[in-house]
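Lettered A, B, C, D, E and F in written order, each chain numbered from 1.
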């Protein structure tokens, strides 16, 4: 225990000193992402799926489509529900059990980006108004945690939604009958999240786990395809100056456009 | 169930649904030291928000292995009373409450000298007795006073306020209707003396320019509330002084 | 810890000795209540509310009115449900989490007084028999615990019910439509709970926290407006003699009449 | 589902639905020492109530910090089997079961010399196998025998019985129908040697005079059951003695 | 603690040595069951019940019959649900709280025997197809644990099902009306479970608690009335050779036929 | 929802729904060492099953009093991803998952020299990413490789495979349709070098003769998969060797 704390202090100093000089321990530039790999449709049993590797961080997202009741205040809209599991095989820190605050925050930030950008045309997912609508379950499954779960999860969620199919149906006497064939889920916008960490006064994008342990705080901006901000989340027990916030927003906007190409155009 | 529907969130004269100007805060009432058992406490009304905060600690924490060798553990619970909202809320913590508890804790942590109290816990409880939009911000504002009332040393008071976009205008301190019907909401927590943004979130959509305006406006709101925080602390100090002198 | 136990022993002896002489540490007579303050209607968003201070004990009760299904064995009656939360800001002893036995007992004793006195005319709260009725949620929220939570909570609950309004409605094709305006909740009786503690053979009303720590046992009697007993609850790990039980009942009946005036007439 | 509805709870001849007089107990059968693993156990049938009680302890308790430095911790679980009532009960403890576990524990605590066993726990489990009204009272009666069977030193046996108001009469030991259809139910736990009322609750409404009658009647019922408790203990003692002598 | 471990080691050796010589500490032969007592119908409030004593192991099973919705993929069948509680009065090892893995395994193995043998004619328990069916709740209640809970529970469950009655009814306008009288639950097969433990290379049936603590592994076979296997469960952290598995199956089949007579013919 | 219904599980030519012979395994792909954080990990595809296993430990366990003085505590969680099955599965562990976690742990325990690591815990996590019948068997097969990858000393690899009865034939390695529509399923875990059956369960009905056939067939399947396990381990060993040499 003592040793590991000591090592971590040395490493912490090393990471911070490098960043002060515009460099990173893994050789990246300050605004450079780790290598991104996207695999689509690998869970055939799910209506949509994608696996994103961000360096050694691996996130699998599966989308299931069900039928259920709409919210009473939105009788003509489908329902989107985003859930995340920090599966204990992904990190020695993760534990089995009901989702903790970190997992809930992750799911809610991914949800916010999709919802606020109106990415899914929920109004096209109504089957019988007030009674039956499609429910889109987006399940974020973290398989290996090496930092920046938000960006990897948001990318994987978008990639999975983009290959999600919903079954054809007809309504007969108030019952939903499934018909052969599928059509794609109506995805209208492509929200992308970009996270920056503040370390020793500098901003770096896509922090890996060691940087997350060193950082003062992180901030995530999600952008829609028009370059409008559609979600923000500051995390961590430090702070940003107002000027850092605005600088982070500008960097994030640029990176979001780059990442969107990767995810959407594949 | 009984909620009015507003046709326009900003009227022809530029007034908001509750008659405010675009850059006007709701009426705010703050009181420090309102509960007897807690080590520190405070109460705020901001519009129809009614929020209590209380602090216990630094104190022993169980189980012991959760405490930290080099600083105090700050624990925070943001909780809504079942009767605080239009439709009765189940008392079990919702996912929203769990997320807000986390971001509020992270908004206050940068202010506290946690390293002064290793191996202890500081427990912060925020109870939303009535909710009217902007509860997380008002909750942070009042919580930071409860911490001060408990005598916990802080770098600065944390103060919070939202700005947002409503009926195409960037406005300050959204109320419940504006929050639900408006285009965007940007809550910010701030330490004025340190130019430190300690909480920042956003719902809705904004262009970068609108966002910058909203940030500036929210921080302006924070500075106004900050003065009220200081006044409330001073009032509490004078009350205690009087009490002591009378003994 | 040791110190506090010692102090508590000295204090315990002091409290008990005073009571043996008919006096109390806070200057009250044995059958005297602490100062009672009642604020009504302070939670505008709730259909009813009241805050009661009993000395330094503070309890806030909010009443929400919803619409739901009746119990299957009472298809023509509204539903009353009383819940209590010992909010952790009220005492260093209270913890967040699902309600413990103390909280459940508190809610159930308050519930019993209201229910057994038939305080709320539940039969007037039926909307569509067997399908839709009003549900009255009484939420007891303890904000500062300085003893005798039962009496403070029962008073606050009654005061809150007395200012509760229910919305007007009409039924159209089995759907409930809300109409403008409100009417008061039909409250027919005014149950009042009075708690006594047994300390060193003496009975005292309205024990504060220090007395609760010293007492052998407590007993609560609730009375309806006719002076009939409508709920009893003995608590604590001591006992009462039969004669003490009857004496306690007589004292409680007298005090209940006094308190009722405060709550009902304001 | 299959419950009969009774037109009158007391007939013209003053008899109750099960044929009893107003001051008559239901048939009671008690057995002590019925389970092998428990340190003490007992079984009671009172009307159609069928109830088992078992005691483990004094024994070590986890987590340790819950134990008390100056006496044993008495823990009590009153629990109904899913098949004990008309409509199947979920096995998860209901709010009613949690409340009854508390008041039963507080009814037994005054009898036990807990101070003899500091830093230990005494665990008491009461299982309602079939419920027929008055389970808390019969549960206390049988639990106190299980404690005695476990050799735990007690000031007196605790015995419990209810009285109540049914069809305008004060009657003893209400059964399920009388409990549900009657006007009031007053369960009482009592230690005869100490004139000590250790549990007292009430549902329904009673005038002060009726209440006094009910208390007197319930205590009278307690005294009768107390004799049966003693007989059951004696029978157990003789059985053990015989067993030992035969070895 | 130390003492008890020592004793247990000596006892362990003793139990194993005896078994190696074809004997058991309690005097039984290797394939001999403890004394079995079955009491039927002792819980009058339950639609069916039975108590089985297997030596000092005591299990009470109550069967309740309710009305509810069928599973959506079996709209014309009643629902069987088996639950087990290791009631804490049964053993110092059992704890109150939600069922643990041992309790869940017990319930699922008992369930499997009943279900796979098609013991209950679920298709006769449909009231209104797709809407209302009988639900058969089998609650296994362990009252004293002295080993081999599976066999005792399976026997008690079967005995309880055999005396279960379901009420008569008629359907009127989609509502179920109860009519006077009962008929027996349609029980078509009589599954019996037999458990063997492996101790020092030998197989013994019906292990008691001390043997369970010593055993390497246990295996349960359930047989239907035709002598076909209808459920198997291996438990414990040891293993069986393939030959032992087959031998165990043959012994179990023989014992099952014997036990079935006891349970069915009474 | 989109599941096909099969008229015959075995066609006129004796082929199964996916074209296999009665004694033919589904295609299997195994990879060892696929996750970075875990101490050991492996991945298997068997038919459409896609399963990950990871091992952490031997490591410290909390709470301490759960550890064992004479050996490591093996903990096992078998868990299905919500999207792994036709209809979305709630993430909370089902009774089925709890039972399988137990029998899988008991299938692996006989293989591990737990006594080498007293007072520690070995945590095994099996995640079913996609389920296609036989997940417990494939889960055991891949878990035992993850244990080996973590360097945990074992008596033998545990390998598992089911046989069953489908359309009146005893067949090997049932897929999802065969599992649901067939007459019986007999999953078996086996250590070939020790002739040790470490898991055995059965659903459905079989005569003793059919059972014996199924056991023999399943063990035959185990032996085939065992070879693939060894090959996958060897491939992992060679990859590491290469990596080390290149440094």
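The rule is short, and it goes like this: a contact is a pair of C-beta atoms (placed from the backbone, for glycine too) under 8 Å apart; a residue touches a chain by one contact, two chains touch by 3 or more.
The structure presented is a predicted model; accordingly, all values stated were derived computationally and were not measured.
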Least step count from chain A to chain E, where 1 means the two chains touch: 2
Most distant chain from chain C by Cα centroid: F
Most widely separated chain from chain E, with each centre as the mean of CA atoms: B
Chain centre separation (chain D, chain F; CA means) in Å: 51
Rounded Å distance, chain B centre to chain C centre (Cα mean): 31
Centre distance in Å when chain A and chain C are each reduced to the mean of their C-alpha atoms: 48
In chain A, residues with contacts to at least two other chains: none
Pairwise touch network: line, ring, star, complete, or other: ring
Sequence of touching chains round the ring, chain A onward through chain B: A, B, C, D, E, F
Residue ranges of chain A in contact with chain F within the complex: 42-46, 49, 56, 58, 60, 62-64, 66, 83, 85, 87-92, 96, 98-99, 137, 139, 141, 143-146, 167, 178
Chain E contact footprint on chain D (complex, rising order): 1-2, 35-38, 41, 48, 50, 52-54, 56, 59, 77, 79, 81-88, 91-92, 123, 125, 127, 129-132
List of chain E residues in touch with chain F within their complex: 101-102, 104-105, 107-108, 112, 116-117, 217, 219, 224, 227-242, 244-246, 249-250, 253
Chain C contact footprint on chain D (complex, rising order): 95-96, 98-99, 101-103, 105-106, 109-110, 186, 191, 194-208, 211-212, 215, 219
